[in-house]
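Structures for review follow.
First subunit A sits with subunit B, and in the next complex the same chain sits with subunit C.
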Partner chain A sequence: MPCGEYFTSYEERMGLIRWRIERVALVLGLPIPLIAPFVLTGELVSVFTLVFIFGIAVLGLHVMLSYAGEIVLAQGAFMAIGAYTASRIVNEAGLGLLPAMLIAGLMTASVATAFGLPAGRVKGFYVAISTLALQFIAVQFFFRRGEFEAIHGGTQQSMPGEIGLVGDALAIGSANEEYFFALLMLVVFALLTMNLSRTGIARMFRALHENDLSAQVLGVNRFRNKLLAYAIGGFMVGVAGALYTIYIGFITPEFFSIDITLLHYMMLLLGGMGRVWGVILGVTTVELLNHYILQTLIDIFPEGTSLEPMFFGVIIIVVLIVEPKGLMAALGQLKEYLRKWPYAY
Partner chain B sequence: MSGQSVSQSSAGIRGGPQFPPEEAVLGCRNVTKTFGAITAVDDVSLAIDEGEWVSIVGPNGAGKTTLLNVLNGFYDPDTGGEIFLNGENVTSDPSYKRARKGLGRTFQGLELFEEEDVLENVMTVRAVKERPNLLSALLFYVAGGRKVEVENMRRVEEILDYLELWEYRHSTIGSLPLGIQRRVDLARSLALEPDVLLLDEAMSGLTFDEKYDMVRFLADLHEKEGMTMVMIEHDLEVVTDVSERMVVLDQGAIIARGRPEAVVDDPEVQRIYTGVE
Partner chain C sequence: MVDAAGLFSVLVTGIGIGALYALVAIGFALIYKITGVLNFAQGQFALLGAFLVVVLSTSVPFWMFDVQVPVFAALGLTVVIGALLGVALERLVFRYFIGEPVLSVVIVTLAFIGIVDGGIRFFISSQYRAYPEALQPSWSITLPYDTSVQAPFVIGVILALLTVAGLMAFFRYTVLGSILRASASDQQAAMVLGVSIERTIVVAWALSIAITSIGGILLAMSSGGAGFTIGDITILVFAAVVFGGLDSIPGAFIGGIVVGILQEFGVYLEEFLMPGLESVLPMVFLLVVIVVMPYGLFGTERIERL
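Here is the complex of A and B:
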């Protein structure tokens, strides 16, 4: 009789839910997000909707950074391009949310790919600087009324209270509808990313990340794969930008500053790079901390300002010292400990 | 040129290639590679026949690895040099294209993907062979992505089995001894199913037993699979035991080529190796 869990086929080995503990967690955990909007306060439902939207954006960053090793500092710019594109598609073309998300994603993917072109020749911090340039260019672009208004459609834009998914059909507008739609989108993009991570494309991304010279000698086309990572990541961040406009209902370039880039990096580092669950854990942790800590800090220091960034700065430093691989790695260690308990090894 | 005789040409060990490089499975003509004032490879012409095992030897700094790097596209040759793979002129192809056209290689410095385990290292190169498309990757279950991955894994585990790496397949590279890492490097290049395998000091730093194992695997590949191999190796005992032909480089130029027993008896080769006139 076997004394553990074994895979008897390659298909089983490649499954998303492979271990008994994962099946139990899925059965127990699945209903939670489905019943949450009916038991949580409106404020918390709103926090979780933002978690789902940022989750998609950080998944995009995860593809570019964790897989392909590209330090992309243009999350704010990518989200802005997605948001402004979606706003125009919804307000002017009236095509509905799903086409708006698709076009926003494609537009952002195109810009991300164009700004990823230097990655064909340079790497590391040089790429970071090129994408940082995009961050500043984009914000200035959307701030400019006269010169570029015909392109971006206006510095400040608002969205209708209710938006149809396709044209005017299947409209969503309430907080709960936005919550479930954002949740659905996060699940879709998380599954797509998990699928990607199990295939040769993600392996080639990781190979270039780890040792680009040997990867090329062994047949990996560096230029094509780097651009593909930018396109996939940019698409996801653009879609998140489109959802963000629905969530806040009103956009201005200030929402897409470098702060949002740093926030997404914090989420990714805190959760742990390299795993989709790490992304979701990191985004959820940061947003919940943001919600509760901000309120607590305001209660304790009514006159205090700028305490929240200080607090997050301390958290990042502590996490990087205690568990540089993030919370997901810490949970993995806990899982291993429990699996072996009461033995040490 | 399959089946062409590899016997000593009439020009003897000082002659040029025994047949035109463009007719070889791997060949080069008038390849020179300079780095500033240093000539690392000096007007080298070479023709490797299908199924042949050729060793490139020479003292440190003779230009052996540079020649291999030029052959696989890591370096471009200086103007005028030409590289041929399966009869096709691939001089302008980058290294990844040459790999896809059938040129595999191992590395003297290993260059493995350190963070990954053995299975993932080999699966990565297998992915190159299969060229996955984005849609089938994203829609893993419905667009054939899983089928491709299952087939890749089956093939990779056959390679790991063949090289007796089965028990290490989930070990990360950093945790493995050098002998196993060299085998992983070989497994990785075999995942490409190459026509020609370039081995850059594949036995460097190995113990006697590890070297014996490596020779056993390579000899098996050569005899049973008919793999064409070009090997850089310092151990002359191994070279003379396994190679069908030997090329001696000194200061970037070929000074002798031919059957190992003829080459090692050559006074000029002995002078280079021993430093004694």
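Here is the complex of A and C:
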């Protein structure tokens, strides 16, 4: 990076790739995820597929939480809605994966918008509580107890081993195919989120986040923008839920408990709020940590697997005490240190 | 059929269960009023209280330590341990989050759900554990219309009323109580007047977790033993405190009773309408309250200025 910032136009300043070193990093870094599945073991490929899927879900949370500032605690419910919708579309209508993902996203977006309605009147704690109520209604009542089976079609569902993208064409089945498809989807949604943050829409979200009263005085429509944030975020989480069904192949309500909400919050906070790269970094770190902690526990102390939620709880509290801004901020500090080294003044 | 006897029984049982929720809700409102922390793990602390009694009074070990004391000593010890736990929580964790954004505090309490739940599953037991005979009272009070109230509910109602009255008197007539009220209404002004904010927050946490453990023990008694379903009451407690107005202790009591009655009414309606109303009715109530009157019955309305 050159010393100082020499931008002569706003287009340059707002560009996704601003410096030569970033272009070099892109060219060198791009092939890594593409050749990874042929180098890594099958287990790690599976872990990274999950990283990409959760990455999309956490990007959705990122839109609602870091841009719009809504503490949404219904991540599990949103993913469940996406997953069950996708499963029905694939199994009963036979439309294929892409339409299933689209409909799952739209379905989740509409439910998210409906439960975002209180955001027009209240904020902060109250939003957290009302979305937690959605989590309980959706997962405990709707899916686990099997009420209204006509809508969700049974508590336990399984997906076929091979699913066509549209109808039966272009089937996806093997682990590597799932990996590449999830990677493609993550790239698409990451670019969408990055671009969203550069448009007026996310600027309005941020203004409402910082001070909703001032933003309203300046003419930002609070109600409409909050609902828009719920719809965009809900769509992404729903799509991630649909992808999650093909990844695990079999869904039960246990996959979508409050634990998944907690896991996604941890990914977002560990990576650092407000940056798309922070989300990706956080998801990767947490999933790899999760994989290795679980493996070590199984190896040396098989009864101890119920300790895993404890480990995560402790890690999240320590992270919040030590570095509340997350890994991205820590890396930024390291960069500053190296830039001034050895003559820090 | 809608009949007077059925409705009366719904009302009585509802008040009984509601009083148990009210105890946990009071613990919640107390912390929120004084420290501003919204504790999403309140149900888990009730769960911990319920399991501690099992550990102390029966042969179920805690990891590798097997403690066994008389039943009533176990009850007392549980409440004391609850109070100490409150102190420890404040000292070790929540002290670092004074002045941090709302989100961090919410996440920390969410993390405690995992910590307490996983801890109980690993160190104590991952199954339902029955209470000793002495804690399963079989007496009940018979009311008109052949309605009977089980012992835990009777004790719950009495204890909840005593707690509310005791706390109200404590806040009104004692010096420590007025210090707590002062720091709740304006921390800076209280500090200027020589109040130690740290000490008041410690007192609030100790009181809150102790009251919550009593609620947890009674909830376990009403079902014959400690089971993990107690942890799920967090959301019902939210419904109760939001209706009462988040930072009001009498409000939390009334909210708890209302939620209990609604839940029982849901059970009653299940025959006519659809099953599962028991868990949905309080949620719907919660959402309606949040939209229609977010400050609840007695909550402080916060007016924002630019």
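The criterion applied here is as follows: the second predicted complex is superposed on the first by the 332 of 345 C-alpha atoms of A that agree within 3 Å, B and C clash if a C-alpha of one lies under 4 Å from a C-alpha of the other, contacts with A are read in each partner's own complex, and residues count from 1 in each chain.
As a convention for this text, contacts are C-beta pairs under 8 Å (C-beta built on N, C-alpha and C of every residue); 3 or more make two chains touch, one makes a residue touch a chain.
Remember, it's a predicted structure, so these values are computed and weren't measured experimentally.
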Determine, for the superposed arrangement built on subunit A, whether subunit B and subunit C clash or fit. fit
Examine A:Ile321 and indicate which partner it touches, taking first as subunit B and second as subunit C; both and neither are also allowed. second
Would you sort A:Glu43 into first (subunit B), second (subunit C), both or neither based on which partner it touches? neither
Does the superposition put A:Glu162 against subunit B (first), subunit C (second), both, or neither? neither
Scan A:Glu22 for contacts with subunit B and subunit C and give back first, second, both or neither. neither
Compare subunit B and subunit C by how many residues of subunit A each one touches, and report the one with more. C
For A:Met14, is the partner it touches subunit B (first), subunit C (second), both, or none of the two (neither)? first
With both complexes superposed on chain A, which partner does A:Val217 reach: first (subunit B), second (subunit C), both or neither? both
Which partner does A:Ala207 contact after superposing on A: first (subunit B), second (subunit C), both, neither? first
Rounded in steps of 10, the angle in degrees at the Cα centre of subunit A between subunit B and subunit C is 80
Output check: A:Gly313 vs subunit B and subunit C. Expected answer is one of first, second, both, neither. What do you get? second
Between subunit B and subunit C, what is the tightest CA to CA spacing in Å in the combined model? 6
Quick check on the output: what are the common subunit A residues between the subunit B footprint and the subunit C footprint? 211, 213-214, 217
Enumerate the contact residues on subunit A facing subunit C in the complex. 65, 71, 73, 117-118, 121-122, 124-126, 128-130, 132-133, 136-137, 140-141, 145, 147, 211, 213-214, 217, 258-259, 261-262, 265-266, 269, 303-304, 306-310, 312-314, 316-317, 320-321, 324
Report the residues of subunit C in contact with subunit A in the complex, numbered from low to high. 38, 40, 93, 96-97, 100, 102-104, 106-108, 110-115, 117-119, 121-122, 126, 232, 235, 238-239, 242, 246, 274-276, 279-280, 283, 286-287, 290-291, 294, 304, 306
How about subunit B: which of its residues touch subunit A in the complex? 72-74, 94-96, 99-100, 104-105, 107, 111-116, 120, 123-132, 134, 136-141, 145-146, 148-150, 152-154, 188-189, 192
Under the definition above, what is the set of subunit A residues touching subunit B in their complex? 10-11, 13-14, 192, 195-196, 198-204, 206-207, 210-211, 213-222, 228, 232
